[in-house]
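Two complexes come next, and they have one chain in common, chain A, joined by chain B in the first and chain C in the second.
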Partner chain A sequence: MSTNHNDVLLDVQDLKVHFKLHGGLFGQKQTGTVKAVDGVSFQVRRGETLGLVGESGCGKSTTGLGVLRMVEPTAGKVTLDGIDITALNSAALRKARRRMQMVYQDPFGALDPRMRVLDIIGEPLLIHKMFKDKKDYKAQVHDLLERVGLNPNMADRYPHQFSGGQRQRIGIARALAARPELIICDEPVSALDVSIQAQVINLLEDIQEEFGLTYLFIAHDLAVVRHICDRIMVMYLGHVVEVTDRDALYENPQHPYTQALMSAIPIPDPEEEAKRGFDRSLQGEVPSPLNPPSGCPFHPRCRFAHDACKTQKPRLMETDTGHQVACHLYDPAASDINAGDVMEDNLVRAG
Partner chain B sequence: MLAEETHRHDHAEPETQQEVLLRVSGLKTQFRQDGRTVTAVDGVSFDVRRGETLAIVGESGSGKSVTAMSILRLIPSPPGEIVDGEVLFDGKDMLGLSDEEIRKMRGSEIAMIFQEPMTSMNPVLTIGRQLSEPIQVHRGGDRKSLLAKCVDLLRKVRIPDPENRVKAYPHQLSGGMRQRAMIAMGLGCDPRLIIADEPTTALDVTVQAQILELLKDLTRERGTSMILITHDLGVVARYADRINVMYAGRIVEQGSSGDIFKHPKHPYTLGLMSSIPRLDQPSGTRLTPITGQPPDLSNLPSGCPFHPRCRFAEDRCRAERPPLTQVSDQHWKACWIDVNKP
Partner chain C sequence: MTADLSEKLGREMTGDPARATDEQPETSTDTLPPPAKLPLRYRNRFVEFFYRLFTERPLGAVGAIICVLLLLTGIFADFIAPHGYNAISPLDRLKPPSAEHWFGTDHLGRDVFSRVVYGAQLSVIVAFAATTLSIIISVIIGLFSGYLGGRTDMTTQRVVDGWMCFPDLIILIVAVSVLGPGTWQVILILGLLFGISGSRIVRGAVLTAKENVYVHAARSIGASTGWILWRHILPNVMPPIIVLYTTRLAAVILAESGLSFLGLGIPPPAPSWGGMLSIDGRSYMFLAPWLAIMPGLALAIAVFGINMFGDALRDILDPRMRGGTGRYIARVRKPGGQTT
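For the complex of A and B:
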């Protein structure tokens, strides 16, 4: 997959998805707001795979759902190939959805257990009236089954008759049915055994090449993300903290959170592990999005935090290494310590 | 290289014998359901030495949890039954103990940490109550000293503000904190063996790392032994001294972590290793999945149970089951094939 297409397919500007929580006997009182996604901007170029990583609850799925308007954004603008998705009425939205599909994490919950595989995969064809007659409908579904490595004579079976990996293939075949341009994959392999994961990852790579697909690939497994993505976006508590090319992110993470995340991933090689050690500086857990910290959302866990971090939210800005980072350390205007300290510290730890 | 000797792993080395804390020999556990018999653990033998961490890896359904539960005699019966084998803990025959005696062992000598802390904690009791009860039963003590001990334990597992958290209920803690409280419960009586079954699978990467570091520190500081069940080979590389690779209820490869990662000998282990993307490899490398599906345990393939998925399989593999055979000083495999042969 090359990334020298500068053609932007998906453009997301300042997306916010806030959930209001209700309490009281009849749910009439608003008791709080979860700012699940709080001002997220990014672009996905045609044909590329943008990874979206971050810890549980940081807003990855909600970002994906907000883009598709499967949950209504509170604010922000989503543009697909020049069409303002956020401004569409429901009929126009339904039409536009043909071009963007989703593959879900849970291969057990995502498929309707009462439907035959034929109709699960064929449903998008039905919704978008994409077949001539019954024969054509069946032929298309059979093609799709074959394409994802399943036997077409399995079309009359029900989801419970398949293994986890096979169900995930069915979900992928369904997503492919309407010939979309963008597929949002939400943890497509997390629920699968390692040996089956590889089969599904290879399949996603193959169909991307064959159909020229663009992926927004959500996952928390950073090794999987590195394997499949061209660029990667790191989220923390509803915010984007870093976006950059795959190799730059893994070789030279800039945001203190990204750095901690990288050191937390074990490598399957005991010798490397013995050399590497573990960055113990990251303490505590992800705070609740119901009661997020002031200023930079990461500051309570950050060992570089200084006064500005407690009060001012850092903006996402380009550093001289080409990363986009939201951190005061890299913002000359806001900082009383600077990125040199982080670099030096990393050198000490690596050395 | 050493000539491969064909004999069963029979614990012959005298110098390691004295260090052995747990010895499992020929363990076989079955489940009977709807007229079918599932052999979930099929003749498994291994040792856990003092202070070491032994990892058990393998696909879902390969018998990792059933092995662990058999050691503690936590197999629900019916439908399950330990039908054969011996489990010696510090020389004591676990399978021969009375129910009362085994219950005592569970709380004090051997601790089990499960994957999902919410189901193994009592939701209506405070963390402090749940922590202190086993200590009181096994070790005794008055209220004040028990409370102090609980606060101390919570501090050890790095739960912030332990004086207040002892009064909290499980649902008031985050997932990571609950898992740490579970570990604190396990450690209350200074166990000599910790069995951790996917202890961090439900947790975030950074929290996972904190918890595993904590367990590793404990094994180092107190010489506690650990059986770590996980599907994450990275975790194994970072924390395990030795590894059991399980397939269809059997150990197919066994050895030191260094040997197994550097020179995997069983095609299944090779398959596991080449099917995961790795941070230490070029990012474009194509993955090589293990083809096919895990076998039906009530109707295993003939010969080597892995042969239908094995790219090296020969006639002998389809006919004869390979025994666990020593390949070098610290390394055993159950396979007829030499995977290193060009």
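For the complex of A and C:
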């Protein structure tokens, strides 16, 4: 990838988050390992929005948590603006967390019901001592409330007095309070009504422009992702299967899994829907991450799976500029079937 | 964008009449009925608390009055009691209640009213000291055991299990026989006893509270464990702690009386209610029933008052119940999906 190292804000190298399962009377026996995230590498450039999509349980949220070290990564390296997050001790980590904030999915649970909005939004300021005096503190919170489209008079209220969309705005204001560079949005709109979703998405875009923020945007709603993201990373069972620019992904999905995802987007026109040709939707369930398939994790559900897929793990390799795919079909060294097959399918779909 | 949004949101808020009262005047004047009688938003919190106690929880207010009276009686016992608690008057033995001796006199001719008043003093001291001690112990054990979890939790809870295997009375009797009877011994023993068993309740509440997303959020902001415990966990486990405090307060008064009744508590001639019930009350129950009735009544009223006040306190201190327990509770959804 032709990335200038100076504008890479977040660099994740071979991140692994494994959860060990314990059994036995005192939990002394290790009975298995859930490889929630298994060797994920990506970069987020300053000012861009990287979308992270995949079905439930593919490890996209865990990746976000691993980056913040809210879940301790098993292996790998996370670098934020040159600082190795994975090497920090707990005090330094708390300080570093100021620079990367999180917006949560559940606007009802993410705010402490016993705190006033003033204290909720001001909490990062208090923790990181980012204000001069009480007046300055209040002024900063009022300013933040205004930025997210809420009335500053509401600062004395409690969270239960707000609607879901308003609470999500409060959550965003809190994330902004610490003046972070990176915000990890963990499905920030999926718990909201569609009409409110649009407002919150627009708000996220506005503040990104205003504060020069970088987003790691975790979602499963492909329409939302297409709207807000610059680049998109598709995950499957703890692995990255495809990374590319937004338009390239939607117009030319290369990995069979991505193609299946794209075909799952409903077209609001039955005739168009019929013209789409054959059904690419996936069969079967996501395999258990406790006992992942050998080789390519996608091979049991892949229409193009061949022998190599069952034994060798595909590597993430560039097919076009800035378009990386982890699939043997595109790997000249490993493939014994023609990538043209898949290309043909794309043509069918496009035509 | 932000300007017209806030306007829109302002209008959205006014759709709810219970919330509209404290809305910006320009949006609430046109269509809405005049604001209902609700406490002003920026009124002093202390004033608001009592306003709500009396309007929403009259029984709690009665409890509060009883508690205040109990406290005042305890503090000003010297001025209220017409006689000394130990002033013997052999000529006036076992006199029924009269104008001079409101609650009658006991077998030594001591004024029962004075003794009940001084008993309040003793009960107040023992109850508050022992309960405070027990709550501190409960909160410390409960917070750390519950929040840290893992091995800490495992070890602590097994010790608590072991402690709770012994019947309370056995521990009390052993401890009193080791430490000897006396006021501070009773405080210490009751505090420890109730403190350790109460830690279970605090721990349980902490286990629920720590799973909330806002605790996770605080961690991701960069909060330390101490900060989270103090600012998020503790406030959110306050309702059970307040209930624990008030029920323990009543229980400690009862336990102290029970101990004194058994002769293990505060030794005579100190005027403990339990001791009065036991030594004087039991022996002369048929001859002079006021000896048992008066301290017993004092005990019952005090316990009732504390319990009622505690209940009301818990309801009012919960911000989700702002605006009245009956009035808007149906509309308020607690986080986590439970409805109140």
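Observations on the model:
Assume the second predicted complex is superposed on the first by the 328 of 351 C-alpha atoms of A that agree within 3 Å, B and C clash if a C-alpha of one lies under 4 Å from a C-alpha of the other, contacts with A are read in each partner's own complex, and residues count from 1 in each chain.
In the analysis below, a contact is a pair of C-beta atoms (placed from the backbone, for glycine too) under 8 Å apart; a residue touches a chain by one contact, two chains touch by 3 or more.
The shown structure was predicted, so the numbers you read here are calculated from the model rather than taken from an experiment.
When the two complexes are overlaid on chain A, chain B and chain C sit side by side with no clash.
In the superposed model, A:N202 lies in contact with both chain B and chain C. Remark: in the superposition on chain A the angle formed at chain A by the CA centres of chain B and chain C amounts to 80 degrees, rounded in steps of 10. Of the two partner chains placed by the overlay, only chain B lies in contact with A:V194; chain C stays clear of it. Of the two partner chains placed by the overlay, chain B and chain C both lie in contact with A:S163. In the superposition on chain A, contact of A:A178 is made with chain C only, not with chain B.
Looking at the shared chain after the overlay, A:E123 reaches chain C, while chain B stays out of its contact range. Of the two partner chains placed by superposition, only chain C is touched by A:P113; chain B is not.
Of the two partner chains placed by superposition, only chain C is touched by A:R147; chain B is not.
After overlaying the two complexes on the shared chain, residue contacts for A:E210 are found with neither chain B nor chain C.
With the two structures overlaid on their shared chain A, chain B and chain C come no closer than 5 Å at the level of C-alpha atoms. In the superposition on chain A, the residues of chain A contacting both chain B and chain C are 163, 199, 202. Contacts from chain B toward chain A in the complex involve residues 59-60, 158, 160, 174-177, 204-210, 213, 231-239, 257-258, 261-262, 271-273, 275-280, 283, 285-291, 293-294.
Within the complex, the chain A residues that touch chain B are 55-56, 163, 165, 193-199, 201-202, 220, 222-224, 226-228, 246-247, 250, 260-261, 263-273, 278, 280, 282-286.
Across the complex, chain A is touched by residues 1-2, 5-6, 9-10, 12, 19, 24, 41-42, 212-214, 216-224, 227, 231-232, 235-236, 238, 319-320, 322, 332-336 of chain C. Residue ranges on chain A touching chain C, taken from their complex, read 68, 70, 93-98, 101-102, 104, 106, 108-115, 123-124, 127-128, 146-151, 153, 156, 158-161, 163, 166, 171, 174, 178, 199, 202, 206.
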